[in-house]
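Taking it in order: structure first as structure tokens, then the write-up.
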Amino acid sequence: MSWILAGLIVWALGLWANVRLSKRKGRAAALAVPVIFGLVLVFVWEAVVRGFGISPVLLPAPSVIAARFGQSSGVLWQDFVQTVLKGALTGYVLGCGAALLTAIVVDRFDFLRRGLLPVGNFVAALPIIGIAPILVMWFGFDWQSKAAVVVVMVFFPVLVNAVQGLADTSAMQRDLMRTYAASYWTSLWKLRLPAALPFIFNGLKIASTLALIGAIVAEFFGSPITGMGFRISTSVGLLQLDLVWAEIVVAALAGSAFYGGVALIERAATFWHPSQRGR
Amino acid sequence: MTEQVAAPAASVPQAPTVISAQGLNLVYETSDGPVQALKDVDLKIDKGDFVSFIGPSGCGKTTFLRVMADLETPTSGTVLVNGVTPEAARKARAYGYVFQAAGLYPWRSIGGNIRLPLEIMGYSKAEQAERVQRVLELVELSGFDKKYPWQLSGGMQQRASIARALAFDADILLMDEPFGALDEIVRDHLNEQLLALWSRTEKTICFVTHSIPEAVYLSTRIVVMSPRPGRITDVIESPLPKERPLEIRDSPEFLEIAHRVREGLRAGHAYD
Amino acid sequence: ADELTLQLKWVTQAQFAGYYVAAEKGFYEEEDLDVTIKPGGPDIAPVQVLLGGGADVMVDWLPSALAARENGAPIVNIAQPFRSSGLMLTCLKEHGIESPADFPGHTLGTWFFGNELPLYSWMSKLGYATDGSEGGVTIQKINFNVDPLLQKQVECATTMTYNEYWQVIDAGLTPEDLVVFKYQDEGIATLEDGLYTTEENLADPAMTEKLVRFVRASMKGWKYAEENPDEAAEIVLENDETGAQTEEHQKRMMGEIAKLTAGSNGALDPADFTRTVEVLLSAGADPVITKDPGEAAWTHAITDEALK
Amino acid sequence: MKNVIPVLTVVLAILLLWYGGAILLNKQWVLDQAARQDRVLTTPELIAETWAQDKPKLPAPHQVAVELWDTVAMKKPTSKRSLVYHAWVTMSATVLGFGLGTLLGFALAVGIVYNRVMDKSVMPWVIASQTIPILAIAPMIIVVLNAIGISGLLPKAMISMYLSFFPVVVGMVKGLRSPDAMQLDQMRTWSATRAQEFRRLRLPASMPYLFASMKIAMAASLVGAIVGELPTGAVAGLGARLLAGSYYGQTIQIWSALLMAAALAAALVGLIGLIQRITLKRMGMA
Amino acid sequence: MTEQVAAPAASVPQAPTVISAQGLNLVYETSDGPVQALKDVDLKIDKGDFVSFIGPSGCGKTTFLRVMADLETPTSGTVLVNGVTPEAARKARAYGYVFQAAGLYPWRSIGGNIRLPLEIMGYSKAEQAERVQRVLELVELSGFDKKYPWQLSGGMQQRASIARALAFDADILLMDEPFGALDEIVRDHLNEQLLALWSRTEKTICFVTHSIPEAVYLSTRIVVMSPRPGRITDVIESPLPKERPLEIRDSPEFLEIAHRVREGLRAGHAYD
């Protein structure tokens, strides 16, 4: 009972603090508000698990997860390397790179654009869940097949965004290039690519969350006996839910960091775009 | 870079023809049906001319400029620029074009925007820097070359876009309401500058404006157009001397030409 | 009628024929029970369902049940319809494995999710490292089918006598192409497919009374299925909602399952339990369970009543 | 209609690659089998066999087509062996989850745009929420929801909702913020209430964004529904079909379920596209 | 709707003060540092005044209008509108504001755009339709009410936006370069219309323009501003009569005021 009460109080306190803080300007406040929100969330979770005596086999408390985090850091690190560094990152780089090159080709040859994009949309609708086992069958159990799944997952979001971005120049901007009698490559390099950057980054950001999810889920369909997806799927069977949640925390942290990193690069590369200037 | 096209031309009494349009028609196909933007347009522009186009909104001034610059293909009729097709002239980089809106690239600084055509046309780095400085001074934007377009007011952006068109040696300058966004004082000043540049360089200038005094002050010829379908209703030769102080605008000759232009314009409107 | 929910360990197939037969033939009804049978799946942990209150009884294997118990899940074996183990390791003959002595240097595939425990125990009993090091074997996780074996991604794969083995045969291989090691024959058999419930349920007299009736009816179903395997397989097919099972496979499976349930009246044989625990405890460095759970992990209370 | 020829060309190219790939991937098994049976295969025989295997690594297109025809057209739509039946089951969960997700996303977006505290605190967590591999914990979610008595369509729909609310939040926040400063100032000079500003400015301005994100949400929702069907393995739906196919090595069945899922996604997304075109046309924006 | 604020006011010799600004300062905080847009601005505007604001680009004209309309909060100083704060005046719907760009909503037809403020202010359906027709006629757009903004030329859009501000009964009209995008003939015509409307309705009008003749032709007072930091350098009372035919622009009084404005403006520029 006392835990539930504590949960309620902390929740009220957090809300009050955030209402106050969000009226303030400045970096610190902007950072503090979501952090407080998160801390309150975690505390309420702890309180609920303890207060209602929820079985650790169903949902472990954050404190238990944290303890496991410390205990199993070796395993967690090893899984992180296997899944994120080898699987997700490789796939992300290959997939996004291939998508950008394809976008340029597709943009250059209208025939391809009109043929490839509709078919591409259909292929992109193939659920990853169905593709993963097939790719594992083709590329083997190790990280290569995870990278392949990630390539498939990130390819179309990036392609579609990039193609749209390359077309997103105003008539006047293109006319200007025409009056300079600029070649195709010149206008690609000096006009269309810079203009496409905001769109491309949009695709890259979406792809960054997809990459991690893709790599983890693909491990459900075959993996060596290491990796975050492997650990999650097998630990549930052994009822080591604390380890499962520790892996999920790693995934969330890695995913957020990945997304944040791409967003930072975006900020530097598209500083001129209205969406980056405002607020 | 443009030598092969530029005619040798000194200011002889009968200057060579730079632009000649004959029986020009242009119809835009739109979802609401066809729009005739230009109808039976005939015009000759000689080297060194300063031609103003004036007419009500939507009469086809921009369209005509675009046809000359090979940005639009006429439905019928012929245009020759420097004796060749507009396309060949464009490929020979004969034009400097100032668009109705500034149209600077937001990811380039002001200096970078002005440098853009120079990079494309292969000027050396030193030459680029030198020219950027020179045109920035001309439009009174020295010191702003590191700023980005969105950090400048609309009028400053418009001046930057003029500077961009002046930075390289095109001998035909097409300007679509370049001074529309400026206040009267700055406008007067830039008018003077433009005239000075023109008489110094012997460029041929086609200039679209809504302002009658501006048209009269600047031009050797004023082309008055009527609304859709866009036709040329009058071509007025200006008797004003090449040397034009601002005060010339109070002279009787000036007022008389202005009156004629106004009458021509009014004929195209519905009111009284 | 009293309601009761049974959580299976796997998808609807003849492995669970006894329960479907009992439901279809009205044995549960005779005991005044209304039983809901929930199929399992690859990522369903029956223990979670049981503890979460989604089921009253579950089918599980003893090794994973004991592992769960160590992790804080108070579950107890109340009946053991399966007497023998159907677990085996199937190797392609062409890889040159003829006896367990040949394992080192080879890749052995197994399911995880708790199913890997018997294999780890066996390897440790044989004294082989499982991390792929010199003189040891490499363990590879495989999914619940035999493709990795057919496509030679592993050299041996865990199979059940009643299911995966026949998939290998169906794929076009002959028994002569294969070498099989049955856990039962190697003396390392662990108990499979028992019925489990929570300590909390056992403390509730009304619930135990219901469970008694349930076990009685279920065993009746099992014995009926043993005697009428084809009819039992038909019943299973009718209950398969995916519509993906085939009659041939299920009839064959029922025949094999009957061999495993033969000789069990439903009561757990304490000797089998002790053997399973020994096998599990013997696993070396990273044992499945660290201490003998003793008699707390099973009870005869239900079967004693049911078999009276 | 201009697109027909390019699309057909691309499809043709894919089919060619597919047949070629089938030869490459299935070759090993055919050769192994021949070796076991002491047969020697000519190249045409080899190719023919790779395209006619029972459990190929990659089934040939015509094998999948035959399977699709058998399970879609030749079975009663209510039969458990009909793909139409399974597609229907999956679609119900998809549409329900999509509806819930769109509502949730919309509500969050309105909150973020109109409430400072939400604006500052919620968005990072919404993004973080999507970095959790929900697909990985879907089984647990199903189990936990089951434990509190929620079963059947709803657990699947919840997973769909979790995946589909995200694109809607992101798109709608962008859309509701798309009116420029001047348009907002106009509302101020007319001293419009927040509700009026929302209904007459922000909402219509956000329509193009809403539709774009609903399309993504629908595709995500389908993935969610299929994922939700996996752990409860033996039950109905395209996900269950995929899984069952995988247990019994039925690659042809997997591929046909996969293509059916893609067709379902294309149809649902196309439907939204249609509604989008009609709506925007009526708003004078197309 | 606006009764509680509108002063009763008949055209008595000393009309009541509608807007009074005292010691107004406004500083924008930007990432490049603070920008002082208004500095020590004092101004009184009486009911029925037609006040033009003129000054170089970026001198703070728009900012001043925005302060009056409660779209911007001054850093220091006080503004009173109808004797209350700008916020109270805004809530009482005392303003009609025409922005520098048309800013029509693309998803509403022209009629729908003009109807928008009427819907918000709760006019009846019949009244809405009647008013929309009336103002459309006033700006010569009758027949266009079913068209969408992108089907109109820029000038037509601007006129629609003026119609929108005239559709409801605000007694203060704030107009930010409303005629900038129009050609001279249309502009003259709308100038006449605006003057007629003003003398008919006794509205108070604040009008920003870059055109000296326009400012002189329309206003009872002309406020000349200097560039950053924006200050008022001159306030010129016009002796012109209320009745003003277009030809008045050739009268000596007119030219003389125009000259004074030009001098005032020039003082703010760097040239000569």
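Each chain gets a letter, A, B, C, D and E, in the order it is written, and its residues are counted from 1.
Everything that follows uses one rule, which is that contacts are C-beta pairs under 8 Å (C-beta built on N, C-alpha and C of every residue); 3 or more make two chains touch, one makes a residue touch a chain.
Heads up on the chains, UniProt names are A = ABC transporter permease; B, E = ABC transporter ATP-binding protein; D = ABC transporter permease subunit.
Everything numeric in this text was worked out from a predicted model, so none of it was measured.
Engineer: Could you give the fewest steps needed to travel from subunit B to subunit C through chains in contact?
Structural biologist: 2
Engineer: In the chain contact graph, what is the shortest path length, in steps, from subunit D to subunit E?
Structural biologist: Minimum number of steps from subunit D to subunit E: 1.
Engineer: Work out which chains are contact partners of both subunit B and subunit D.
Structural biologist: A, E
Engineer: Among the chains, which is located farthest from subunit B on the basis of C-alpha centroids?
Structural biologist: Between subunit B and the rest, the longest centre separation is with C.
Engineer: Mind naming the chain pair that shares the most C-beta pairs in contact?
Structural biologist: Most contacting pair of chains: A-D.
Engineer: Return the chain whose centre of C-alpha atoms lies at maximal distance from the corresponding centre of subunit E.
Structural biologist: Between subunit E and the rest, the longest centre separation is with C.
Engineer: How many angstrom lie between the centres of subunit C and subunit E, each centre taken as the mean Cα position?
Structural biologist: 85
Engineer: Can you work out the whole-Å distance between the CA centroids of subunit A and subunit B?
Structural biologist: 50
Engineer: Report the inter-chain centroid distance for subunit B and subunit E in whole angstrom, where each centroid is the mean of the CA atoms.
Structural biologist: Averaging C-alpha atoms per chain gives centres 32 Å apart.
Engineer: When the C-alpha atoms of subunit A and subunit D are each averaged to a single point, how far apart are the two points in Å?
Structural biologist: Chain centroid spacing, subunit A to subunit D, equals 18 Å.
Engineer: Which positions in subunit D touch two or more other chains at once?
Structural biologist: Within subunit D, the residues that touch at least two other chains are 57, 139-140, 143-144, 147, 230, 246.
Engineer: What residues in subunit C touch two or more of the other chains?
Structural biologist: 43, 45, 48, 52, 143, 147, 151
Engineer: Could you run through all the chain pairs that touch each other?
Structural biologist: Every pair of chains in contact is listed here: A-B, A-C, A-D, B-E, C-D, D-E.
Engineer: Quick one: in the complex, what on subunit A touches subunit D?
Structural biologist: 15, 18-19, 21-23, 29-30, 33-34, 36-38, 41, 58-59, 111-116, 118-119, 121-131, 133-134, 137-138, 209, 212-213, 216-217, 220, 228-229, 232-233, 236, 241, 244, 248, 251-252, 254-256, 258-259
Engineer: Would you tell me which residues of subunit D are touching subunit E in their complex?
Structural biologist: Within the complex, subunit D contacts subunit E at residues 180, 182-183, 185-192, 196, 200-201, 204-205, 207, 283-285.
Engineer: Residues of subunit B touching subunit E in their complex?
Structural biologist: Answer in residue numbers: 32, 55-58, 140, 151, 153-156, 180-186, 189, 210-212, 262, 265-266, 268-269, 271.
Engineer: Which bits of subunit A are touching subunit C when the two form their complex?
Structural biologist: Residues of subunit A touching subunit C: 55-58, 133, 137, 140-141, 220-225, 230, 233-234, 236-240.
Engineer: Write out the stretch or stretches of subunit B touching subunit A in their complex.
Structural biologist: My answer: residues 66, 69-71, 90-93, 95-97, 99, 101, 103, 105-108, 116-117, 119-121, 148, 150.
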